[in-house]
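A single structure is presented below for examination.
A, B, C, D and E are the chain letters, set down in written order, and residue numbers restart from 1 in every chain.
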Amino acid sequence: GSDDSSAEGSGSDSKNNEDLKELRVQFVPSQNAETLEAKAEPLEGLLKEELGIPVDVSVSTNYNTIVEAMASDQVDVGFLPPTAYALAHDKGAADVILQSQRYGVNPEDGSPTDELVDFYLAQFVVKKDSDIESLEDLKGKSIAVQDVTSSAGYVWPAGALDDAGLDIQSDLTPTIVKGHDAGIVSVLNGDTDAAVTFQDARNVVKGDYPSVFEDTKVIATTEKIPNDTIAVTPDMSDEWKEKITDAFINIGKDPEGLEIIREVYSHEGYVESEDSNFDIVRDYQKFAEQ
Amino acid sequence: MIEFRNVSKTYPNGVKGLKNINLTIEKGEFIVIVGLSGAGKSTLLRSINRLHEISEGEIMIDNASITAAKGKNLRMIRRDIGMIFQSFNLVKRSSVLRNVLSGRVAYHSTLRTIFGLFPKQDVNLALNALDRVNIADKAYTRSDQLSGGQQQRVSIARALAQEAKIILADEPVASLDPLTTKQVMDDLKKINQELGITTVVNLHFIDIARQYATRIIGLNAGEVVFDGPVEEATDEKFREIYGQQLEEEQKRGIGAGAE
Amino acid sequence: MSQLSTQTVAKPTGRGKRMFNRVLILVILAAIYIWAFAGVETFEIKETAGQISKAILNGIIQPDWDFVPGAEGLIYGLIDTLAISILGTFISAVLTIPFGFWAATRRDKSGFFVTGIGRFVLSFIRVFPEVVLAIIFIKAVGPGSFAGVLALGLHSIGMLGKLFAEEVEAIDHGPKEALIATGANRLQVLVYSVLPQVLPGFISYTLYRFELNVRGASILGIIGAGGIGAPLIFALQSRNWPRVGVILLGIILLVSLIDLISGYFRKKIV
Amino acid sequence: MSQSQTPKKTVPRPPSKLKHYLTAAIILILLVLSYQRTGSSIMDLFNNRDQMGSLIVDMFPPDWAYFKDIIEPMLETIRMAVIGTTFGAIISIPVILLCANNVNRIPWISYPARFVLNLIRTIPELLLAAIFVAIFGLGMIPGIFALTIFSVGIIAKLTYESVEGIDKGPLEAMTAVGANKFQWIAFSIIPQAAAYFVSYVLYTFEVNIRAAAILGLVGAGGIGLYYDSNLGFFNYPRVNTLIIATLVVVLIIDFVSNKLREKLL
Amino acid sequence: MIEFRNVSKTYPNGVKGLKNINLTIEKGEFIVIVGLSGAGKSTLLRSINRLHEISEGEIMIDNASITAAKGKNLRMIRRDIGMIFQSFNLVKRSSVLRNVLSGRVAYHSTLRTIFGLFPKQDVNLALNALDRVNIADKAYTRSDQLSGGQQQRVSIARALAQEAKIILADEPVASLDPLTTKQVMDDLKKINQELGITTVVNLHFIDIARQYATRIIGLNAGEVVFDGPVEEATDEKFREIYGQQLEEEQKRGIGAGAE
């Protein structure tokens, strides 16, 4: 229970967390992970060992609540996707310290490469027999997108289309679907001509639709999207920021720790990051906010 | 003909409503059942058309066991038994006419009745039944806007409209004024005599019982304590039916305050 | 049976007006339906339908038993959910009772104003999105089960209040009159004549709400509360049907159990 | 009346209250256990009450200009709710009659019927959406189907429990006249239960409008998506506008539902 | 003292329940109101303690207007008026004892009563009241498990336990057997005489009315058509009270079938 700490760890007085007695971490597992688990305990154990103070990790299904909890000092560390992070930072709720690393994705079959990266890509998927070959061909077509705050499901693809001279709202007919898998299914069903998803969301539906890779093709990918961030509340003392940064990096380097974070969160390690890495998000923001 | 064979009834809470009743009621009889409040009169009446399941024994209606009857068979037996309820049992939200017409449903096809498409004849029958109990003018009033006596009369009209072969009436005139009481009892007597309809009435009024009954049955604590033609039901006998209880009570020290 | 003399039968009063009302309602309804159906696209079944639904069902009927044990497994998740629901439902039931009476129309008084406000407050609580409620409580007490309890507790008032109020309106007014006639004050009338009549309804609605809270995973998933909400949502998102299957099985068992127990209680009380 | 002495006659002993105490004790224990398990703390709430207000403050003033943007999705939502609720209500009728134990006294029908109803209510919206989208593709049709099933769960459950609580007198009267099951239902159950049914249907209609989230899941548009994106951008004034718009619709439904119920009660 | 001043009552559906009633009932009187079913007897009685709001006029209880009374004041007037209802108005799901005790709530603080903490004295009072109507043995039974007459008696016991200064009884013995009827009426008479409690009873039985009343009031279609001491209420007068209506009905061609 976090009752005792949250009672003292909150309140309006902005404090220097020299006396941080308990670390409260919250995350939303990202959908482009291989496994999507609501497991908090493994990370709790690892961090406790590194930091030497009690750690309370919880899992949410919604980024908004994490940001709000950070804004009111109810959570110290949050795992946020790029778009959510940029918004949170501009709201004064979060400062990035780290980004997670994953293996890259093999564009052919969606299998992992052996290259460690701190970014991922979004892709445009159409039916194999479709005559859509490039982004330009998408003009006038329907496309399945995610919620406008989704990095891979809306923001980056909108940017890519913009580069190709198309406005996602006026030149295409976007249909919002919930979940990247739903985007793929809508292409398979012929409900939409195309879909934007993270690379390669087809794996998620492969179980239900084994021939998905034969029946669809990727016509384009987007710019690099920074991986999930690990952000802390801005009023955290530098000392603690450092400690936490080191703790995560150590976990990624320690074989045992790596084993756990790989299995549960599909993370391969953590690298330091800074806010300027996310200026691209702020550039793309204009496509989402209308 | 109604026949009780060793009928007993125990309520789920353990109260014994009827104790080993043996009775034969012939076609065309006009029977009045008397007894103290709580003696089991309603229980007896409601066992006849099996609104209460009896715990032991068997009840025969025209030589067919209603205790064993099922489905359509049971419904047809019940259609031929009209009942006037002590607590009226009207659908308060429905109009008076609809309540009376509901007595006719067993005569018609399901489809027809659930859409309320009763033949003109039935509607007339229902209005006539209401007329007989002097409330035809309330036919389209909602039942919860009636006075106590008026509600009782609707309940009577429903049973009359049913054109049954047996009528069971549970204190049908309790809430009625003397004039309407006479009218209702006359009416019951009339259909009893003219159409030979077997009539079983629970009543608290000794003089009315004497006036209308052909036979009187006295109940006490679930047992038949008197059964005979109206001539035999002397004041003495009545005192027995009621008084037995009274004496017991007095022995236990009650009723003293009432003198 | 004598022929009926027609003048004794009252002409159904206001029949014309009622007919008019009925026709009016029918016309309005017809218009609404025409409008509603006009917007529906044509009906078609996708060719992938069979394949995908078969895959889903196949997965679901092969539950992922490995998920059952463990500190973050099914059983503990269900217990957490249960604890949150018990407390949340209790809070809402207690808070709702005054709301229910507040919002119930009083026939004896032209209390539209009072009643109107009661109804308005309930409607307002009902439309308030669960997520926003969740955020509010997370900001106060941090993510976790307690925030879940509070969010459920408050959110449930909207629904329970409406149902309670309608139950109060439908009571038999006889016993109420009897109490009024003895000179009882409002609270006494309530306790002695209204409460015994509405209690079975209240209890059965509360148990229903309890059941809703147990299986209403979304709010608990959002709130980071532990419980079965988040695992279910993630399993659905990753199309992990065996996992979905085992969680559903757990919820069904739990809900059936609650249903059995609540049925038993209702039988005792009604 | 000076009878405050004990009555002479032997009055039965009051029934034991043990059962009540036991029930109360069990409930209390459950509450305490739950309180501990959830780590609840009233103090926390009390200490941080000012934090709760901050979000509400952020919501004001509402973004009035946003209204015109949400009229269309709101109408779309109402459209689907109308159809879904209607189908749900129609399907509910036989379900209610099968489940209510004073209508259907055959336990081996009523229990399975209730179990099926329980099953229906347990299916998460996400799963319904996944299946219906797979079958019908994206759009209104899967939304309507999902709402229909969802509605059956609510309407049937609430109504059948109310039916079990209605006045037995008229039921008896219809049994006594020899009515068959349908007639019996038409003349004694329906007049007594109709008001409940109508009010639950209208209530469900209202829930369906709010349950727009389901519609978002099947790509049917609706107001739910607008909630999501505005929350995603922390645009609380717009969220407020959405709440107000929904409230207006709900209040209208509430008003109509009261008028209808008055006519029926 | 109860005073009706130009009292009229029109129901929302337009039925005129009372028409310009002027009456003065002195303390200690035993009044029986008679009249056809639907004449307005219940309406009259229920106007006295303002269970029905009257449409015109004013009703005074002991020189204080109940029509104008409000809040606590109104409750205290009502506490002193006991009422026995035609339809019993019991809380079916509560026990008999709790129903009777509910007659006592106005004597105690709200807090005490909502937790059911009645003084021992009150419980005894309630049990005694039940005893007087012979159903002390049902004290802990749920009220819906009682026979019709037993329910009526609970309703009587509730009014007795209230220890009021005025008792209004709406057909208190309709569902009772002659023995219990006598007991109840004797009891009402006794408290009327010994404690000077004003008693107003609606009754359908002419002989009982004569036996117990000090004054008889006849109602017809909402109007007072007879008002006088019991000696003046001759058979002739009764025939007038009821018959007037009868003749009208006959003129309209009803009731012919009933002879």
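Throughout what follows, a residue touches a chain if its C-beta (ideal position, glycine included) is under 8 Å from a C-beta of that chain, and two chains touch if they have at least 3 such contacts.
None of these values were measured; they are calculated from a predicted model.
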{"item": "Minimal step count in the chain contact network, chain A to chain E", "value": "2"}
{"item": "Distance-maximising chain from chain B - centres being C-alpha averages", "value": "A"}
{"item": "Most widely separated chain from chain E, with each centre as the mean of CA atoms", "value": "A"}
{"item": "Chain centre separation in whole Å, for chain E relative to chain B (CA means)", "value": "27"}
{"item": "Chain centre separation in whole Å, for chain E relative to chain D (CA means)", "value": "43"}
{"item": "Separation of chain A from chain C, taking each centre as the mean of its C-alpha atoms, in whole Å", "value": "35"}
{"item": "Rounded Å distance, chain A centre to chain B centre (Cα mean)", "value": "78"}
{"item": "Two or more partner chains touched - positions in chain E", "value": "13, 87, 131, 254, 257"}
{"item": "Two or more partner chains touched - positions in chain D", "value": "8-9, 39-41, 44, 48, 51, 54-55, 130, 134, 137, 139, 195, 231, 265"}
{"item": "Residue list for chain C, restricted to those that touch at least two other chains", "value": "1-2, 8, 13, 46, 48, 52, 56, 131, 135, 139-142, 144, 146, 200, 218, 233, 237, 239"}
{"item": "Chain C - residues contacting chain D, complex", "value": "21, 32-33, 35-37, 39-41, 43-46, 48-49, 52-53, 56, 79-80, 82-84, 86-87, 90, 105, 119-120, 123-124, 126-129, 131-132, 135-137, 139-142, 144-146, 148-150, 159, 162-163, 166, 169-170, 200-201, 204-205, 208, 211, 215, 217-218, 232-233, 236-237, 239, 244, 248, 251-252, 255-256, 259, 266, 270"}
{"item": "Partner chain E, residues of chain C touching it in the complex", "value": "1-2, 5, 7-8, 13, 174-175, 177-185, 187-188, 191-193, 196-197, 199-200, 269"}
{"item": "Residues on chain E engaged by chain B in the complex (per definition of touch)", "value": "11, 13, 15, 34-39, 42, 86-87, 131-132, 134-135, 141, 145-150, 152-153, 170-171, 174-183, 186-187, 190, 204-206, 242-243, 245-246, 249, 254-255, 257-259"}
{"item": "Touch list for chain D against partner chain C, complex", "value": "30-31, 33-35, 37-41, 44-45, 48-49, 51-52, 54-56, 76, 78-80, 82-83, 86, 114-115, 118-119, 121-127, 130-131, 134-137, 139-141, 144, 157-158, 161-162, 164-165, 195-196, 199, 203, 206-207, 210, 213, 227, 231, 239, 243, 246-247, 250-251, 254, 258, 261, 263, 265"}
{"item": "Chain A contact footprint on chain D (complex, rising order)", "value": "39-41, 43-44, 47-48, 50-51, 54-55, 129-130, 133-134, 137-139, 216-217, 219, 221, 225, 228-229, 231-234"}
